[in-house]
Amino acid sequence: MKRLSLAFATLLLWGAAACAAAEEAAPAVTARDAPNDAGGAVNVAWEPAAAEKEAAFTGYEVQRRASGEKEFVKVDRTAPGELAFRDEEAEDGVEYEYRVQALAAGEKAVVLGTASAKASGQWFNTARTNALIGVIFVTAVIVFFIYRAKGGAELFVRKIAGLEAVDEAIGRATEMGKPILYVTGLGDASDIATIAAMTILAKVARKTAEYETPLIVPCYDPIVMIVEKEMVKQAYTEAGKPDAFDEDSVFFVTQSQFGYVAAVDGIMLREKPATNFYMGAFYAESLILAETGAETGAIQIAGTDRVTQLPFFITACDYTLMGEELYAATAYLGRDPLFLGSLKGQDWAKGVIMAFLILGTILLIFSTDLGLRFAKLFETAG
Amino acid sequence: MRRELPLAICFIMGIIMTVQFFIPHAYSQWLFDNMLKWLIIVLTFAMILGILNLIKLHAQKVQHRRRDWLYSIVALFGISASLVTGFGWGIEADSPFMVLYDYVQIPMQATMFSLLAFFIASAAFRTFRARTLEATLLLVAAVVVMLGRVPLESVVGRWLPDLAEWILDYPNMAAKRGIMIGIGLGVISMALKIILGIERSWLGGGD
Amino acid sequence: MNIIEKFLHIDRRYIFILVAVGVIVPLLFPLGLAVTTSPPVENVYNEIESLEPGTPVLVSVDYDPSTQPELSPMTTAILRHCFARDLPVIITVLHPGGPGLALEISDRISKEAGAVYGEDYVFLGYKVGSSAVILSIGQDFRVSFPADYFNTPIDKIPLMKDIKNYNDIGLVVTLSGSTFPDMWVAYGHERYGQKVAAGVTAVMAADYYPFLQTGQLVGLLGGLKGAAEYEKLIERPDEGLKGMDAQTIVHLLIVVFIVLGNVAYILGQRAKRREA
Amino acid sequence: MHVSTDIWIWIAAALTLCIYSFLYKDNPFYKFAEHLLVGVSAGYFFVIYFWNLIVPNLLTPVKNGFVTLFTGGGLTGDLAALVPGILGLIILTRLIPKIAWMSRWAIGFYFGAFQGIAITGYMQAFILAQIYGTFVTAANPVFSLTLFGNFFGDPGWARFVLATSGPLMIVGVICTLTYFFFSTEHKGVVGGVARVGIVFLMIGFGASFGYTVMARVSLLIGRLTFLLRDWLGIIS
């Protein structure tokens, strides 16, 4: 891809050069459409002026005129050594001529040269080629293993302590005759961690329905509330206990982070749930919730992909699902072959990433330059 | 209509937004920018449902004189106060709505937030015990970083803050990167299952 | 239950009381623990020291009440320094939650320093559009701020009469709990060559060190510690230094809790083993 | 000492104390503050969203769009605002049990769009950028033989740390990733490597915990300053 973009750039340069050829052989100034953008921008660059080393030299002035216009208008002024300008105010499809002048105190401006270009928007962002390849590769691996699982391949999944504890935690609440609190955090329905949390809720609700253990689900986001209500209702129907479903067990609180925390803390102290689940996206409130819960003596199982909050759950909760474990939970609890298949796909992708890490290290050992070039393949821009 | 159509909509939107990412063109940018705005508009409509749900819950408590019903009156009062001032006088600075925000909501939110200072201390005392090797590493790293961030150079020298910084920059960064790569794969896998309709529990029950 | 057991399961409310005392006492009676200054903070100080009296400084209050405990002490210290050095201050706000805070601080500090509104400082208020506002100042203040916060046209304000754009400003200081420093660097510095210094929360500070290395920021104040260092440099101890005292005490308190907890835990384990 | 005479400062101070009373135990004051906060804030966000989002992004463009349309200006991009408007109304079908299932259309739209955004966003920020960052920090490779050469040429503690920290980072990332393998039992070599991964995780978690304490204490300082200065006027 790099070679392609290089070829593309050369072509453009050649085009610009051809335009300037009328004036001089080697172009001192180049102008070309800014790559990978929505349009409306032109990049202008120039060679340093001979006068740059002189003390009186003050910088460059960039001027522009649209085709058909007579006068050049100043669009930018740059400091000595600053040899490029991005014109963000170009109209798509209009041919602009750029003129760069070198300025020196007490002297007349010297024209370095001119160049022309048109701005346009692109249909493919070449800077994101690596992401495209990444998405295609990971999708292919995961879909491949899902299909293999469909065909009945046997799939193993390792023990995840936090999920082993789910049954025990629900059982304990049932024995004690106390409710279970399920907090899906502060994410909205666009947050994948929240969606993972909702799918785990469906599995948990299935079990609380079987045991007829009361379930409390306070919600921070109204759309999450709507979806969770449906999911819990469905879980009760599947368990054959549709009448045990309490419409008010899943409810909206407020969109204020600490208003929500105040209310959930209140629930913990008054309803004294035997088990607290914290699954999904959490921010600073994680420790306030987990410490209050610990004080009431509840078993606490947390799971989040918010790396900054993991330390607090790890210290204050009995079990914590870390990062990817949260996403593996539905597969683990449901043992659905399709889900286990996707988990296997994730592992293969991880293996490939590890291979890249090792390969990069080996390259770095032999040649820093080679290693850096390899690393550049993963660089992300914009 | 009831199950297939929403799944189809989900599939199509998923593909469109994935492809959009690779197209810098103005149309594509327009779609992305608007998507985020649209999301919050849909959310605001959903909030009508949320607030009605909240009102219903508290009204029921008051009606049936359930435990703590008096406080439900406070909650209902709070909702009406915000809605009446916000729609009655607008939300400019110094409007009744903003006064309510500045002197009622902000102080309570900030106080709730500041409880963390207490809980971080009690959690550290309660749980930072050298029970296992892992627990010991956790507590040692925490203590080093904490001490490294107070002005004690004159007492113990530069090595402590340096060590703290090194832990943050290397072992901590390595762990974070490992977790993040895992999360990235987990999210992509989850999103794929939803787009492809393999994970469809969000539809709920019924037909 | 022996004494060790009791200590290990101590009511956490005792811990809460100690934390509260550890914060309140230094607020009432500052301890004046030694704070050593660091280069990023010194650079901001030196930059302001190097400005000719009369050179305007633009202070942008780009935060809201949620990060105010860390950032307001910085704003206070910077304003004091500017007033003490006879540098006129132009105050802008890019965060919608900021105007109230900016007004309160500028009122308080100008009274204390005897600074006159319109001559020694001016408050332009909040404008929506962050990066667009920063860019427009490069052309002319009047594009985004035709009038000040109190709706006086800025051409009628003595201080602003001769100020057009960044060329007339010595330094921009942005105080922010979010990404505003990035924008000031990208548009104010990169586009117009304006010198920019930033004050950010402790958690964010590490993210901005690269900007210091590249010179895109002339200096950086991070968290209460940054404010405390600045107070030390201008020799005006206030919330920052008091806060540092409190932070130091609470940090040490927590470390002592952890150590005592572990000593008790190990002793307890030994006692159990002996019994067994 | 100047105790505040502003009634609102007194209200704010009283509510602050109500919330702090929670640290002692659950009590009527806390319950009062909690319910007030939930009510006021639920209303607050709805009002703010209405004025700041519904009005400028839905009502105004739709109105402008129709005005242009009926004055002969043709279809404009403004009318695109109808999309979220319709989706919003579809969400409201929840209120009518008979057609409540229609709300799934809006939810499907919403879910689908954000899954798409997540796939590419996470690929960039969580996978590619992290791989790149493992090799390169601040434009320098984390690992090079030159650094080792420097150390062996002139052994010293600082040079040793400089040379070995980068490789340590790579080892740490690989071990941590191994911990997240789900489809193999953590036994033998995999088990050993995963255990090293846990070591990295625990050091990382401890460090983050310690790093956060400072910011949390400043929040408490902020509240106590409010009580002691703005309300009671004990400190200046």
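As written, the chain order gives the labels A, B, C and D, with residue 1 at the start of each chain.
In this section, a contact is a pair of C-beta atoms (placed from the backbone, for glycine too) under 8 Å apart; a residue touches a chain by one contact, two chains touch by 3 or more.
Remember, predicted model here, so these are calculated numbers, not experimental data.
Remark: the per-chain Cα centre closest to the mean position of all protein Cα atoms belongs to D. In terms of C-beta pairs in contact, B-D outnumbers the other of B-D and C-D. For chain D, the chain with the farthest CA centroid is C. Computed from the mean C-alpha positions, the centre of chain B lies at a distance of 5 Å from the centre of chain D.
One simple way to say how far apart two chains are is to compare their mean CA positions; for chain A and chain C this gives 30 Å.
A separation of 22 Å divides the Cα centre of chain C from that of chain D. Averaged C-alpha coordinates give centres for chain A and chain D that are 12 Å from one another. With touch defined as above, residues shared between interfaces to two or more other chains in chain C number as follows: 12, 16, 19-20, 23, 225, 247, 250-251, 254. Taken residue by residue, chain A touches two or more other chains at 128, 131, 135, 138-139, 190, 192, 195, 223, 226-227, 252-256, 258-259, 262, 270, 307, 310-312, 314-315, 322-324, 328, 343, 346, 350, 353, whereas all remaining positions touch fewer. The multi-chain contact residues of chain B, meaning those touching 2 or more other chains, are 18, 21-22, 39, 42-43, 46-47, 49-51, 54, 68, 102, 105-106, 108-110, 112-113, 115-118, 120, 122, 124, 126, 128, 138-139, 142-143, 146, 149, 168, 176, 179-183, 185, 187-188, 191-192, 194, 202-204, 206.
Within the complex, the chain D residues that touch chain B are 8-9, 11-13, 15-16, 18-20, 22-23, 31-54, 57-58, 77, 80-81, 83-85, 87-89, 91-92, 94-95, 101, 104-123, 125-127, 130-131, 133-134, 161, 165, 168-177, 179-180, 197-214, 216-217, 219-220, 222-223, 226. Contact residues of chain B toward chain A in the complex are 18, 21-26, 28-29, 39, 42-43, 46-47, 49-51, 53-54, 57, 60, 68, 105, 108-110, 112-113, 115-116, 119-120, 122-124, 126-128, 138, 176, 179-183, 185-194, 196, 198-199, 201-206.
For chain C in complex with chain D, the touching residues are 13, 16, 19-20, 23-24, 27-28, 68-70, 201-203, 210, 213, 223-225, 239, 242-243, 246-247, 250-251, 254. Contacts from chain D toward chain C in the complex involve residues 23-24, 138, 211-215, 217-225, 228, 234-235.
Listing the residues of chain A that touch chain D in their complex gives 128, 130-131, 134-135, 138-139, 155-158, 160, 189-192, 195, 223, 226-227, 252-256, 258-260, 262-263, 265-266, 269-270, 307-308, 310-312, 314-315, 322-325, 328, 343-344, 346-347, 350, 353-354, 356-358, 360-361, 364-365, 368, 371-372, 374-376, 378-380.
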